[in-house]
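What follows is a pair of complexes built around chain A, which joins chain B in one and chain C in the other.
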Partner chain A sequence: MDQKHASSPLAGAVHDLATEVVLALRSGDHLATVCGAAGIDEENRTGIAAVRVIGADLLLPSVLYGRHPHPGDVAVLDRAVREFPPKPDAPAATAWSHWHMISTLQRMAPPAPGAAAPGTYAEPDAAWLEEAPWQAFTHQLSVLAPLAVPAAPSAVQRAAANRAVDLSRGFVRAVRRRDWLQAAGAGRWLAATGGEPATLGLDRGLDFVELMGGHDPRVTLHVRAARLMAEARAR
Partner chain B sequence: MFTTDTTATDIELDLDAALNPGEVEGLYRDSRECAYLALLAGGGALLLSPPTPRPKKG
Partner chain C sequence: MTTTATEDPQGRPGQDPQGRPAREPAFTPGASGASGAALAVLPGVLASALAWTDAHRTRFALPDDVLEPHTQVNATLKPLGELAQLGSTIRRTTAPGTPEHEVAGDLVAYAWEQVHEGALLLELLRAEPFAAYPYEIYAAFAGYGLRHEGFEALARPLTATRAWAHTEQHANRQLGLVNSERRVGVVTHTDAGGVLSRTWLGGLSEPWMFEGSSGYALTHTVFHLTDWGRMPDRVPKKIDGYLRTWLPAWADGCLESGQWDLTGELLAVAASLPGPAPVELLDAVWPVLADVQHPTGCVPETGVPAEDPSPDPYPFIDCYHSTLVTAFAAALSLRSLRQTDERAGRPTGEQTGETTPGRERHTP
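And then the complex of A and B:
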């Protein structure tokens, strides 16, 4: 991305990285390195920070297509885990996204015998999600949309499944507010967990979200992930 | 040591903000966008429903 049009170097790097993830999702090309295509390596601190923002979605093409991730992407994701651990006073969503990066690394690229594994820790607390008003619940779930993937159980995923109607309300609210990123994240959760009312019209709603918000590659990323998961559920 | 033109503090501030974004201020659809949605809609009755009435101030 032309950096002068981004609000910060980090925002530009996140935009570029999300664009490459979307391209990989569209092509299903598991051999390409997402980070390499975005010009990010282990020595690029802004790029590593962008990987921390995108989180485990860096490996989303491999997760959804069931393929081995590129070693370069694994290395950069591992670097982001180590470089940007949550601070002691970090919000719960930050702790959860960090936990999910570690979990995804362990699931998709277990360390070789004898190699140092990233530090692990138990699932962060999720009781706050069960008590949150549906508007805040949807907002936080959207921030945690990378956790909406198949075969990755977590307390966040259980909360999403248990509050599908609240999440559906939040999806509609986000569309009405033109908050396309939140709508795409909520739609991704609904596609991953199911249980939304049929009257929601999720498929058409996601079409609309992509039409209106597709200039942001993070919106397209979530919509594409939702479609791939919905297709997999229908098979 | 990393070599970038951005300080560590800048990156960490930007990173904290990116990891914990607040909700954007709501902007409600205009009629042109509703027309797009009407063209797309097969289901989506909820999305097409009018905005919820709000209490008047004063």
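And then the complex of A and C:
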């Protein structure tokens, strides 16, 4: 485990997982499991918690390259969903992240006939997002950046598409605050949904965010995802 | 007057000394930016900032040795030129008969007295005939109708030279010179549109590269382009859209980092746009700046506002400009908001969450 940037075992595991996702995104033909490479299996409680933090981005390489995910990664994600269900009073972002993990599993790795499904979970409410000021909106969307993937419609994604100018302002604000993770998350949403003002200069902005904040692999993960989605949109 | 008053001495907003981003402020719906919030505070902010300036007018007085080489222009002629420039704009932006209109007129008259009805500016020009700043200070008065024949007689051949037309300076300052020429009424040395395209703003720069120095360059570009808010229609459509799109993000950063002077200038820019006022932005930012304003009316340039109730909580040099800018921005904002209401046929103050019709188009 790379403890250089880790303030706790959980943070270290999150760092390692994000690093492996980035490697898989870069290689494009990465066949090994993300969790396996990060030394995480179904019995590793810290690792499972880290998967809960990374969320559905564990399967992002498969989602973006249109490949079947590795069964080991599916198993660990499934385990994280079962072990960390949101409490009834959990923040809306937690509920959304949980919902997205389940829907990603259902989409990418439907259970074999007769096998136990991870259960159903109703799509949470997003009205609060529509009313949030642009600053809070961008912050929340950035937390929910794993939902910014193609062909995964949600109320959050619709809110992002409807408020592209607000998200762009939030990107500018995040860069100014040197909050690279938030900037990367906002940039990923803009790459996924489009509609940003032409003068934003998102491509160069994402380069800048990656070069300034890339010591955090979660930043690189979002920027890499944004680039892959932007390339796919351009095709 | 085109010299940038204050360069940002501070770092970036929301960052702790270790370089980590600050925590996100808690989201409290409805806490600020309520409809009509700007109009609720603006009359008080304007009256109070002008009252402070009026009470401190002798601090703008020129010393006897103002023309001596050792005298600091930034502490003498520059503040006085700004008093004339911003005072005359406030005078023209406020309704005749109102106390603000009268005080602003008094302040311009006071400044004109200080330059001996232009005679001192002629002396300054004779001392530094090839410098641009005497002309720029004079233009602040000339644009208001206060003129000096001898000054213009000496300036006329100088401003017709090739050297004048090729004065080397930043693009936003060159726009200032063009505006000065317009005010004095001579043929401008170059086309303003060409100069505008060389500014940070005219290049529609990536908004995430905004910082203190580009911020002041941007605000002064708009001030010179619009003759300090008097001619909003001179703002080209694409720049109007660009500003309506990005001003909220920049103003938010200035508030968070306590850059009150630049916040005031950005508000003045927002109130100098053609068409409807950017109501949401004005409603979000003005109440915060109103809170920063000291009970006596002064506004600090940067930093944590003083809680000292005494009449002079800040050194004059650290608050006179931001206080003048606050008054100037408040007068322009009141005009912009009231005109927006009139166009919509509403009684002033009845806001409806105005749309921003000129906002930049999305990419396809």
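FYI, the second predicted complex is superposed on the first by the 229 of 235 C-alpha atoms of A that agree within 3 Å, B and C clash if a C-alpha of one lies under 4 Å from a C-alpha of the other, contacts with A are read in each partner's own complex, and residues count from 1 in each chain.
Simple rule for what comes next: contacts are C-beta pairs under 8 Å (C-beta built on N, C-alpha and C of every residue); 3 or more make two chains touch, one makes a residue touch a chain.
Only a predicted model underlies this, so the values are computations on that prediction, with no experimental measurement involved.
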{"item": "Chain B versus chain C as contact partner of A:F84, first or second or both or neither", "value": "first"}
{"item": "Chain B versus chain C as contact partner of A:A132, first or second or both or neither", "value": "second"}
{"item": "First (chain B), second (chain C), both or neither touched by A:V53", "value": "first"}
{"item": "First (chain B), second (chain C), both or neither touched by A:A93", "value": "first"}
{"item": "Partner chain(s) touched by A:T199 [first = chain B, second = chain C, both, neither]", "value": "both"}
{"item": "First, second, both or neither for A:D207, with chain B first and chain C second", "value": "first"}
{"item": "Touched partner set for A:P9, first chain B, second chain C, both or neither", "value": "first"}
{"item": "Partner chain(s) touched by A:E43 [first = chain B, second = chain C, both, neither]", "value": "first"}
{"item": "Chain B/chain C common contact set on chain A", "value": "139, 168, 172, 175-179, 182, 197-201, 204-205, 208"}
{"item": "Chain A residues within the chain B interface of the complex", "value": "8-11, 14, 43-46, 49, 52-53, 84, 91, 93-94, 97, 139, 143, 168, 172, 175-179, 181-182, 197-201, 203-205, 207-208, 211-212"}
{"item": "Touching residues (chain side chain A, partner chain C) in the complex", "value": "131-136, 139, 164-165, 168-180, 182-183, 194-201, 204-205, 208"}
{"item": "Residues of chain C that touch chain A when the two form their complex", "value": "12-15, 19, 21-22, 24-25, 27, 29, 33, 204-208, 210-211, 242, 245-246, 248-250, 252-253, 256, 359-363"}
{"item": "List of chain B residues in touch with chain A within their complex", "value": "2-6, 8, 10-12, 14-16, 18-21, 23-24, 26-29, 33, 36-37, 40-47, 51"}
